[in-house]
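Listed next: structures, encoded as structure tokens.
Presented sequentially are two complexes of chain A, the first with chain B as partner and the second with chain C.
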Partner chain A sequence: MELRRFIFRRLIQIFVIFFVILTVLFLLFRLAPGDPISRMIDPDMTTEDAERLREQLGLDEPLWVQYVYYVRNFFTGEFGTSFHYGQPVVKIIWDRLPNTVLLFTSSIILSAFVGVFLGKIASWHKGGKIDSVLTIGALVTHTVFLPWLALILIWVFAYKLAWFPITGMVSEEVWLDPEAGIVAKALDVFHHMALPLCTLFLIHFGAYLLIMRSSMLETLKEDYILTARAKGLEERVIRNRHAAPNAALPVVTSIGLSLAFSINGGALTETVFTWPGIGRELVFSVSHNDYPLAQASFLLIAIVVLLSNLVVDVLYAYLDPRIRY
Partner chain B sequence: MERDGHKNKTRSPQLERFLEGWSIFVQNPLGKIGLTLLVCFGLMAACSFIPPLLDPMYDPMTGVDPLITRSVGPSSAHWLGTDFMGRDILSQLLAGARVAFMVGVSAAVMSILLGCAIGMFAGYMGRVVDTLLMRTADMIMVMPTLLVVLILSSLFGQLNIWTIVLIIALFRWPGVSRVIRAQTLSLKQRPFIEAAKVAGASHMRIIFMHIMPNVLPLAFLYMTFRVTSAIIIEAALAFLGFGDPGTVSWGMMLQWVWKTGHMFRAPYWLLPPGLCISLITLSFYMLGRAMDEVLDPRLRKEAEAE
Partner chain C sequence: MLCALLVTGWILFAAGPAPAAHYLKIGLLEEPKTLNIWLAGDTWSRKVLSQIYQPLYLRDPETLRFVPWLAAEAPILDQKELCYTVKLRPAKWSDGTALTSRDVAFTARLIQEFKIPRYISKWRFVKRIETPDSRTVKFYLSKPKAIFLTRTLATPIVQESQWRSVADDAAKAEKPLKRLLKYEVKQPVGSGPFVLKEWRQGAYLFLRKNPHFFAQGKSIAGMKLGPFIDGLIFKIFGTSDAAVLALKKGSVDMFWWGIQPGYLEDLRSNTDIRLFSSEKSALYYMGLNLRRPPFNDLHLRRAVATLIDKNFIISRILQGYGAKMHSMVPPGNRFYYCDEVRRYGDGLDRTARVRRAYEILKQAGYRWETPPVDEAGRVVEPSWLLAPDGRPVPKFSILTPPADYDPNRAMCGMIIQEWLRALGMPASAKPMAFGSLIQQVKVRRDFDAFILAYGNLSLDPDYLRSFFHSRNDRVRGRNTSGYHNPEFDRVADAASSQMDRDKRRALVCDLQKMLNRDLPWIPLYNPNLIEAVRRGKVKGWVQMLGGIGNLWSFCRLKPL
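Coming up: the complex of A and B.
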């Protein structure tokens, strides 16, 4: 029950923060130098359509009325029409969201598990050769420049070796083929996802490995480990069942803290691999002055970040029974 | 004997502490590698002034080899080859080192001073000021800085390099301010602050004259990590095509390779800038970790126990 109250309180907080972001974005879009009207209305639109949109957005009204319209439009899901695609922004965003969620969550989960596992190994062999190799490997992959890594992976594995497709998420011949079953389609997506996933995995797992390693070394000094040893338990059992689960908690915290970093990386990866996700859409819309789409993508990313933080907090409470909110 | 004792006393305690820290730092392999790499990059930045003096065609931005109109591989005139319009890649790489240091260090210093000021105010003032500042910090902390800068550059048009630095600094202070706030909260309880208050010092004076000297060293511990993130954000921004068009940064070079479709054809052009960005972040990161170990005795003990 405590947890439920905590979630409720956090949801209210998230709502407030989101409202602030919404308002700041409104002010930025209206008060930035240049004509705010041209940012809302597609220059290619017919006069009647433009007139209708002006009315809908309240562009001729005073600023605070525009703000009321803006908030109302947000909550009714009315984001306007993309200049570039000529489709409602909401539709584009909903199309892209699953792709981003797929790539993003699978990369985080994969890198967290591998990072924890390798961190554990590194701490067993502390000071040894395996430890040095893992630690240095983690430092190097963690600090490598992401778009460059992506380009190198494309160059080697997609261009030279031709194991994977260079860009995109699906190949048309599979998806347009009426014979192709769901398995073939899924395999096709995974084939396209391999390199972007690999890029994100390489960038992220190092941080988790380093955290797990030092947290594991810290945990092994705790009294309950001494107790376990005194009971005569096997060293392997002590490490895997007594130390590791507790040592993994800081990894969970760091997933939450590094979320903003991961989102940046996600957007870069999507852009280099032309993965049809929200991050790429944001980069694309910004470079094509597609303001309605840029605004909506940014707001959606903000919601994703805020909610994922909540998920991490709840996960933490679930994993660590000592935490009570 | 006595003279020796006297000589030791003349060394100030600060110097003593610094030398002790330095000897621990130098023993740390991470610190050594990081520092060596940084010195190399420093030399690169220093050398960046030389090529344009030799011949105007070596100017990283405007210099074009009159005999070359496309990207060619390494030769005796161009050690790393040229880019798509015949500009020398090596001189661009050297100029990039200068830009990386400039961006990284200035953004880091700004964000640390800002974080320090805000952290001290929040911790010292308490109550409403504290709550407001710290909630703002929480909010900024969860924002992906790169995407925020992207949105801003869509609204304000092409940003110049100093605006980019400023925006990075404005979005990277919350981490520092939290640590400084915690430190200030404990300092506030110390007798010397009480004494300053009784002596009639104003809040401003207490914050800047009495608290700041005590928290600033701690703040600068965070500097190396801020440098890393500033360099990465600038490089990523330039890579996506939103950098300052008047500056040759490594991110910009990668953007040129990528956008002109040379990534499969010109490894001599694709590899160096990315390698430089990765290595400079690695070296600052290693330096930061080594400094952590120098300043956190708990970690040092662990190393000594081995």
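Coming up: the complex of A and C.
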């Protein structure tokens, strides 16, 4: 019952925060310098024609009128039409979302598993060679500049060794081949996914490793670990059954939030690898003042992040019986 | 999972690419945004659509004069009625139906009815269109308009049967134009050499050869046309780095975008790559605000123009890949370019420039406590410049795009700042975000000087009127400098309605001289367009103003 009340209270908070985000996003894009139609006009277009275009896009209305339309449209599920694509932004986002989720969710799950596993090992060998190698390795890969790492991987594995495609998500050779079946097409997508996935994995696993390591080190000092040892349990059992599940709580928070942020993709990763996801659209829409597309993309991120926070809070109570709301 | 991916990589690597027909693979830097020709404003959509929708007339790559394309012959003028008659070639749409005069008239009426922003200025003065038969179109003009021959007749023609119902639906909407622009064209029906086969968003766009292309096997502008290749595959690359690597690796045969100087050395040493350097119809210029001091004074503007060393800009900043500009019309526009304009400080070394600029300002009453040229004629470091009224010349900024947007323009701003300071002018270069720069210049009009560019100017010089007519000095107007010259306005209006090519040329030359005399903008340079293709796949590239990526090339390329 208390949990239900907690969720209800949080939902109200989420609604208020969301409304604030809705307003801030609207103002942010309108007040930022730049003109949405500046990239849609050419030297031959008269000023009157440019103004007409502005009027058709609804940009000639006073700011407060635009805001009223914006809020009304949002609550009626009408997110608007992209200035440049001429398509409903929901359709554009819906088309790109699976690509981003596929890449980023895979990378987060993979890096979380490997990070947690290696973090556990590192903490268990605290101060030893394995700990040093893993910790230093994690720090190096976590702090490396992503575009640089991505370009190096492309240069070595795609250009020099030619094992993988340079960029993109599919090959036209496979997808235009009428004889190519679903397996060949799926393999083709995995083939293209390898380098961006490796890049994201190398960047992210270190963070999970370091969080898990430090959490494990704290947990290993707890009395119940001493009790377990005193009971004569095997070290492997103490590590995997007693310490690791408790130490994993901070990692769960981190994974939850990462999964939420994964829907915005990574502007850099998606741009360097020409991965057709939300991240690239975000960059495009912001740089081209495509307000409807930019607003809808950011709102989607906001909704998922807010709801993920709620899910993580609830999950905490499930994972740790001591936590009650 | 990672192992599975690596294994997949190995499997596909071992299998190698499937054998392709004679497709030309073209790298693009961004994905086309739409196939709706009325909405398409981005370069990438227009590159693709130029292969699908065709105009009545097209520029000859050699002479740059218009040659009949969908039209069968040059337009015939009836002076009395001010009516142009255009005869059409026998042509078909990509769906096999005949392209008729009704399609041409429909296209024109659609533009006029919906006032389509990108096209309406070219059609506003066409008062009536008649189609006496399926191959004849008569255009009645309300007044003589030179751009009719150069811009109006170059409008891409759309198929009536594809657009009729769309237009009828849109006309009923509250915002008809918005509805028309929103229409999603999934399968454009065109009359060009290629037709859309498949667009896999985010990955590639495949155009196959149009079996109904009207010019197939014909000779136009002295060239026998194909296409001789089976299709075009446009592949998307998010960065130039990736696109250049793909070109070197052979994943694409052409990168349809200018190659930046940083890649040239590497590409030049690669025997599989061929580079083309072409002139562009571009104008990179320094705009000055004539509405307020210090640039409301012509003498100061002339001194600034004298101090700018364009040779240095070309050789050092552009690394030799560009040409100096003295007129607002690029030299590549050979017919309208006026070679008789004044060339401020051209051929002088830095010291001589300072001396000449010093003379200009001194004669206009400007003073210094320590002049930049001493009594012995040596150039020395001056004190700040004092205006003729004895007050210091106010500090001014030269706004430029930031270096990550265009390093060349940012660098030009910095170097011009130094040259102006050599004469005691309190100049400072100020790189700023492109959007802010446009806002500052076009909307707020709160600036002293700026460096901007037009990368792809039309070959019709009517843009001079647009940029400098006093009527356009208003918020969001094109006359950013606030140039007011009744003589210019009169000649520009006369040039705009002069249908005789040679007479118009003389008027346009006068306009260039006036602008060069009054200097609302100082033309700086016109960078070359460097394009890269792979050798050994196709031959027959047609190089023209604006590069090798043109319709003529794609109709002429033959597989090797």
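As a working rule, the second predicted complex is superposed on the first by the 259 of 325 C-alpha atoms of A that agree within 3 Å, B and C clash if a C-alpha of one lies under 4 Å from a C-alpha of the other, contacts with A are read in each partner's own complex, and residues count from 1 in each chain.
Simple rule for what comes next: a contact is a pair of C-beta atoms (placed from the backbone, for glycine too) under 8 Å apart; a residue touches a chain by one contact, two chains touch by 3 or more.
The structure presented is a predicted model; accordingly, all values stated were derived computationally and were not measured.
Of the two partner chains, chain C is the only one touched by A:Leu176; chain B is not.
One of chain B and chain C touches more residues of chain A, and that partner is C. Once the two complexes are overlaid on the shared chain, A:Asp49 sits against chain C while remaining clear of chain B.
When the shared chain is aligned, chain B and chain C each come close enough to touch A:Leu151.
Within the superposed three-chain model, A:Leu187 lies in touch with chain C and out of touch with chain B [touch as defined at top].
In the superposed pair of complexes, A:Trp163 makes contact with chain C only, with no contact to chain B. Looking at the shared chain after the overlay, A:His84 reaches chain C, while chain B stays out of its contact range.
In the superposed pair of complexes, A:Thr271 makes contact with chain B and with chain C alike.
Contacts of A:Asn289 after superposition on the shared chain: both chain B and chain C are touched.
When the shared chain is aligned, no partner comes close enough to touch A:Leu3: not chain B, not chain C. Chain A uses residues 32-34, 151, 154-155, 159, 271-272, 289 to touch chain B in one structure and chain C in the other. Every residue of chain B that touches chain A in the complex is listed here, in rising order: 30, 135, 138-139, 141-147, 150-156, 228, 232-233, 235-236, 239-242, 254, 257-258, 263-264, 267, 270, 273-275, 277-278, 281-282, 285-286, 302, 306.
Those residues of chain C that touch chain A in the complex are listed here as 1-2, 4-6, 8-13, 17-18, 20, 25, 30-31, 33-34, 36, 39, 41-42, 115, 117-118, 120-122, 151, 175, 177-178, 181-184, 198, 200-204, 206, 233, 235-239, 241-242, 245-246, 248-249, 251, 433-436, 438-440, 442-443, 454, 457-458, 462-463, 466-467, 472, 474, 476-478. Residues of chain A that touch chain B in their complex: 17, 20-21, 25, 28-29, 32-34, 126-127, 139-140, 142-149, 151-152, 154-155, 159, 217, 259-261, 263-264, 267-268, 271-272, 279, 282-283, 285-287, 289, 291, 294, 298, 301-302, 305-306, 309.
Those residues of chain A lying in contact with chain C across their complex are 32-35, 38-47, 49-53, 56-57, 81, 84-87, 95-96, 99, 106, 110, 151, 154-155, 157-159, 162-177, 187-188, 190-191, 193-194, 197-198, 201, 270-277, 280, 284, 289.
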